[in-house]
Amino acid sequence: MKVKIGDVVLPGDYCDEITADGVKSKVVLGPGLRKEVDHVYIMKAGVLRKRNPNTFWVDSYQKRYVPSRSENVIGIVVQKAGDLYRVDIGGSCTAALSYLSFEGATKKNRPEVQIGDVIYAKMLVASKDMEPELVCVDSHGKKGRLGVLNDGFVFKCSLNLIRKILNPICPLLESLKNEWPFELAAGMNGRIWIKANTMRETIAVGYAILGAEYLSDDEIKTMCTNIASILAGHVS
Amino acid sequence: MVAEDFKDFKLKPMKCELNYLSKSDGSAILAQGETVVLASVNGPLDIKITSQSMEKATLEVLFSAKGGKPNVSDRFKESVIRQTCETAILGCLYPRTGITVTIQELEDFGGLLTCAVNCTCLALLNSGLSMKHVVAAVGCALDDSGNLVLEPTYDQIQSAAATMHFVFDSRAKTLVTGFTTGIFSEGAYDEALERCRAASDLVFDFYREVVATYCKVIG
Amino acid sequence: MSDVYKVIHPNKYFNDYISLNVRPDGRKFDEQRSIKLNANAISNADASALIKCGNTTVVCGITLELATPKAEEPDHGFLVTNVELLPLCSSKFKPGPPSDYAQVISNTVNDIIKNSKCIDLKDLCIVSDKLAWVLYCDMVCLDNDGSIIDACITTLITSLKSLSLPAVSFDVETEEVKVDISNKTLLKVTGLPVATSFAIYQSPESNIVLTDPTTFEEEMCGGIGANLIVCWNQGLLCGVQKYGGGNIPTESQKNLLQVAKKRSKLVEEVIETCLS
Amino acid sequence: MKETQISNSEKTFVQKIIAGGHRLDGRIYSETRNLQIAFGSDYGSCMVSLGETKVLAQVSCEVVQPKQIRPNEGIIFINVDISPMAAPQFEANRQTDHTVNLNRLLEKCYKDSKCIDLESLCIVVEEKVWSLRVDVKILNHEGNLIECASIATLAALAHFKRPDVTRVGDKVIIHSIAEKDPIPTVLYHYPVCLTYAIFGSDILLSDPSYIEEAVCMCTFEEGSAGGGLLVVGMNQYKEPCLLDLTGAAIHNVNIVHKAILSASEKGKSVVDVLKKAIISDDTLRLKRVKINYADIITTEHKQSLIKKDISICLKNYNANDINPESDVEMDDDVQIVEPSKYDVVPTLPKTAELKVKAEKSAWIEISSEEDD
Amino acid sequence: MPFDYRRFNGPEDSVSYKRFSEDFLRTYDELYKDLLDENGKRKDGRALNEARSLCTSISRTNIVSQAKGSAYVELNKTKVICSVFDPREITGHQNEYSWFGQIYCEVKFAPFSCPRKRRQLVPDSDEKALSADLKKALETVVRRDKFPNFQMDIFVYILEHDGGCLSAAINAAGLALADAVVPMYDIVSASSVAIINDQIIIDPTEAEEHLALMYTDKEKNHGLVTMCFMHHLKQFTDFRQIGSVDAECVLKVMDILEKECDKLMLVIKKIMVSNVVRQHNEHKVLLEEAKFREEVLQSKVEEWRKLLNAG
């Protein structure tokens, strides 16, 4: 079936607008789109979106992570193997993280990472035919915000929710951070790490995030104030 | 959600809930009339090296009847669903991984396999796996007097001379899978095929409606 | 050279042939392999038949047993059909219990025989609720080179047609059973289902349908086994099964049924000649 | 697919929060999740959900020859199947320790406790008896499979009715359900398994969630306070019929005592819910209402996770504050007359829910409870 | 019989109709009388010391197209088919590296192969014993040092059983191995005798075998002996004896069997040679046929080769 931008799409639909744009200039096909001989076909169910000038993608629901390059993810170290850490990132296989890809690490000076630790890292290599590889430094060798995440709490959610809360127009984090202080790391692989002063506050953040998945912007705002008032009322 | 009258075709009322199971990557529960099926999709996952394929994802389909001992016809159902899904999923995007589809029969009042195929398709949509196209299964029965009945009821199936089930893809509406029981003439087969092909539109519309409802919240 | 080519690059090898409108074994797309059929080769079995379709070889043997009918159907006998895919017939099958694929084949054959209604199970009942015949039909594949269902159905029908049941006397009082082997009557078989397999190859231009495919062709068309099985039973269809492979082009749909119909006539003739 | 390893942060966080008197999903220690029982169109078919943990049970029967040592008793067979549907880490068609353990516990609870009148399943001594087969299928594993599976098994058995049989001479006629009303199974008592997660030396969590189970089973690796899972089988007469401990050894004997006391209360309330559900289902069937699993599909939301699955929750925080439309279930609260903390609410035609009564400022009360 | 959920099952209480026929309950003496006619000939017209001829026109190799090597052997009614596959690596990390190749043998009876009753599809002890014997017989013949840490699968299927199963299986396996060009020390041949009441019967039929094992008289020799022999090396690789036979008789039997095996050897050689000739001829025909196609393909191959070289 032929579809337009903004339509609800199913796999097997095709969009001529993209092909038409493609004739004029280069277009970027995001997730859920695929070019075949004659048309640009949809691969996932969701809503077809366009960002000007030439980026197209499908907003779809997904829980299972498929590694993709240069995304920040949260992983759990499951094994030390030779000079590698094996990190579970929720994909089809574990990702490799070298001892040397930490800030200031040398052969002698190894980073202190234990099995079970939570790691915030960047996807360096992610291709369907290769084992994914992570790094905890940027291209300048600085760690930035990457590295081991201590304490706090990690929980899983759908990949959409991550995208939703990271979207600048989403009011959730904006409203929450005004209420009480907390730290948060969101991995594109559907994991969120949070840490606040007290456990109750940590749980409150987690609850607010998970609760926001199916709420509209206004509802999110109300929810945040509600949670805050409860917290304020009973903080021990 | 009830599919309304359309081109004088009428399918059994369809009801569906996506993401029914929290642990699965994608799941759906679908009722077509009184027949109810629950399907779950997991993947792409890590699997044994022996069953890995360099070219595409290995698809494993498990069908579980409501109760009783496993039997040969369960394996047949698995094979039908596996081969149908294999044409729909773009397995080449996930080489060396496994995709597991598990189907649980909940109620069988006829048309179990068509319901299972549709339910699996919905679960796949929910899982976010890349697909070439969606598929829709439609069944019909030929009664003793030679009339075709679309989506027969339990009683109609029991008294039917033949039943025919077809699965179509959403792109060109070509036949992906077909299976029949009973004896029928060539003409009846052709007519059944065309009517089911036309009726498959209803199923595709239903899919779109389902996706539309949840798109509002994920957007 | 071509052997090496086939091993290294099977897809390309196959495609080269197809693009020349010929199949690797020199057949045309809609050409079937030659059939050799032999009945009652195994004297220990109550009835048997052996078929060779090209390289595919299947033996079917029927053993007769007696049992009490099921309580739900007191005047029905039993017809138990099983297909065995031995590890002997292809390196793809491993020893042990039947694989999923073997079970699917068994199920398909069983379905076709049931649908064709060629055996009336009531004919197999001797005394209602007391005694009935059990027909164990075991189809054994000795060489698997594709289109195995066609071969199975043909051997099964041939052996059923050559099967005769010995006379049984049942004493209602003492429940004593006596079998008179010298007095046998032929089993009534109505109809004659013949299955024809097709494989559908997805070539970039259009999908190509191959009649009576070999194992290699089946593999090239995706998956194990044939993609389409059409079963004719004396002018009526008694099963059209399509799984996997390429989709059927609408225009060749009609043609396929005709090819199968023609083949079914030929196979019918073969069976009649074999048994006469 | 290997099970995803639990991270150190999750481990320490869950331990800390539990030591502090809270639980991740906002429950108090002795609180169970929502219990829902739905029946299918057949007799002996039910789907039980405990929070998000879902189990399907189906009883089927056939006539077989009895075992020689027990010629006048029927046979019961329980088969548990954990398919990849339950969670991706389970492999298909493979008996794992987990499955075997679950199967064994259910057998202990329902076969060895002699709660089923097997003699009533006999048709002809030494020749024909009924053999009941309970197929338990785990649909979703969010912790505490044992409790959920045991409720499902019990509900299926209690709901099941077998066809009537008449003997004419040496002939046995089995009547279809349409011909003659089927016969229910006789249960002497109703045992259920209740699970407690043990944290530290004296904290008992009832109905542990997936993460709580995982954390309590891995604590002992670090040599810290022992943790373990204690399964108590209890019938409605407050008689224990099964005890099973996995994980570390218990230092404190009182904890078992405490668990049994708590289980006796809870067992009864679960059985009450179950009986109520069966009675309401029976009355519906009498009125010839068609009962079907299709009823569990709610059409209001396609995404069933809405408002249901938030696995992280503040104590006493109610989503109702935001969604006032669902406060029908929440209207009567305050008065704590009976000791039970649960409400039985019939929600859908064939379902009953065991709900925690909403108590507005309970968390303060509870913290005082913990002091003693 | 346990319920086999991977197959279609018949009713549990089914029994062969032959159980109710008159033939079934005949006593040993009756059967013994039946064994020989007044001229001292066996039922099928053979003398006591006359073996069935291995039918050279029907017995052949290369019968299974999918296998590396295969053979079909027919001894009157006994019909056996055997196939051998390419060796495959022994996997599984708990297995240590084995310096000798392994042989895996499986002998199966067709469900309809036996005259008395239907055989179950699940392997029974008979089949397992035969498989073990076959393995023993072949292990010493095959140059196992040529394929270390690899396993070769040999499958034997008995389509019809009329005595001499094991010897037929060994002969078929020997032919199939030769067909598969597996390196061997020698050609194997096997033969069997039945001893009934001190009478030695060469190459017994199923009825005779049945009788040999039904003995009642403890004084006299009764039993079945199968021997597998390597002709040039004058070694025997397998010896199987069932029943009670005294030492003197055993020696006598071994002598007889050795001679029988030698006789058989000539036939086996003939089959092998004719097979090579036939294959050669077939190959020629095939080559002719393929020539045209080959030529067209050749151009494609060239193109492909160029691509390979370039990339």
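Read from first to last, the chains carry the letters A, B, C, D and E; within each, the first residue is number 1.
As a working rule, contacts are C-beta pairs under 8 Å (C-beta built on N, C-alpha and C of every residue); 3 or more make two chains touch, one makes a residue touch a chain.
Just so it is clear, the structure is predicted and the values come from calculations on it, not from any experiment.
Graph distance from chain D to chain E, where chains that touch are one step apart, equals 2.
When the C-beta pairs in contact are tallied for B-D and for C-E, the bigger tally goes to C-E. With centres computed from Cα atoms alone, the innermost chain of the structure is B. At the far end from chain B, in terms of centres built from Cα atoms, lies E. The chain with its CA mean position farthest from that of chain D is E. Per-chain Cα centroids separate chain C from chain E by 27 Å. Averaged C-alpha coordinates give centres for chain B and chain E that are 48 Å from one another.
Between the Cα centres of chain A and chain D there is a gap of 36 Å. Averaged C-alpha coordinates give centres for chain A and chain B that are 32 Å from one another. In chain E, the positions touching at least two other chains are 6-8.
Among all residues of chain A, those that touch two or more other chains are 61, 213-214. In chain C, the positions touching at least two other chains are 103, 106, 110. Taken together, the chain B residues at the contact with chain A in this complex read 18-19, 25-26, 42-46, 88, 90, 93-98, 125-134, 169-171, 204, 207-208, 211-212, 214-215, 217-219. Of all residues in chain B, only 72-73, 75-76, 78-80, 83-84, 86-87, 164, 169, 172, 174-186, 189-190, 193 touch chain C in the complex they form. Residues 1-2, 40-42, 45, 47, 52, 54, 56, 58-60, 81, 83-88, 92-93, 133, 135, 137, 139-142, 290, 292-294, 296-299, 301-306, 309 of chain D are the ones that touch chain B when the two sit in their complex.
Contacts from chain E toward chain B in the complex involve residues 3, 5-8. In the complex of the two chains, the chain A residues touching chain D come out as 61, 76, 78, 88, 90, 114-118, 149-155, 193, 199-200, 202-204, 206-207, 210-211, 213-215, 219, 222-223, 226-227, 230-231, 234, 236.
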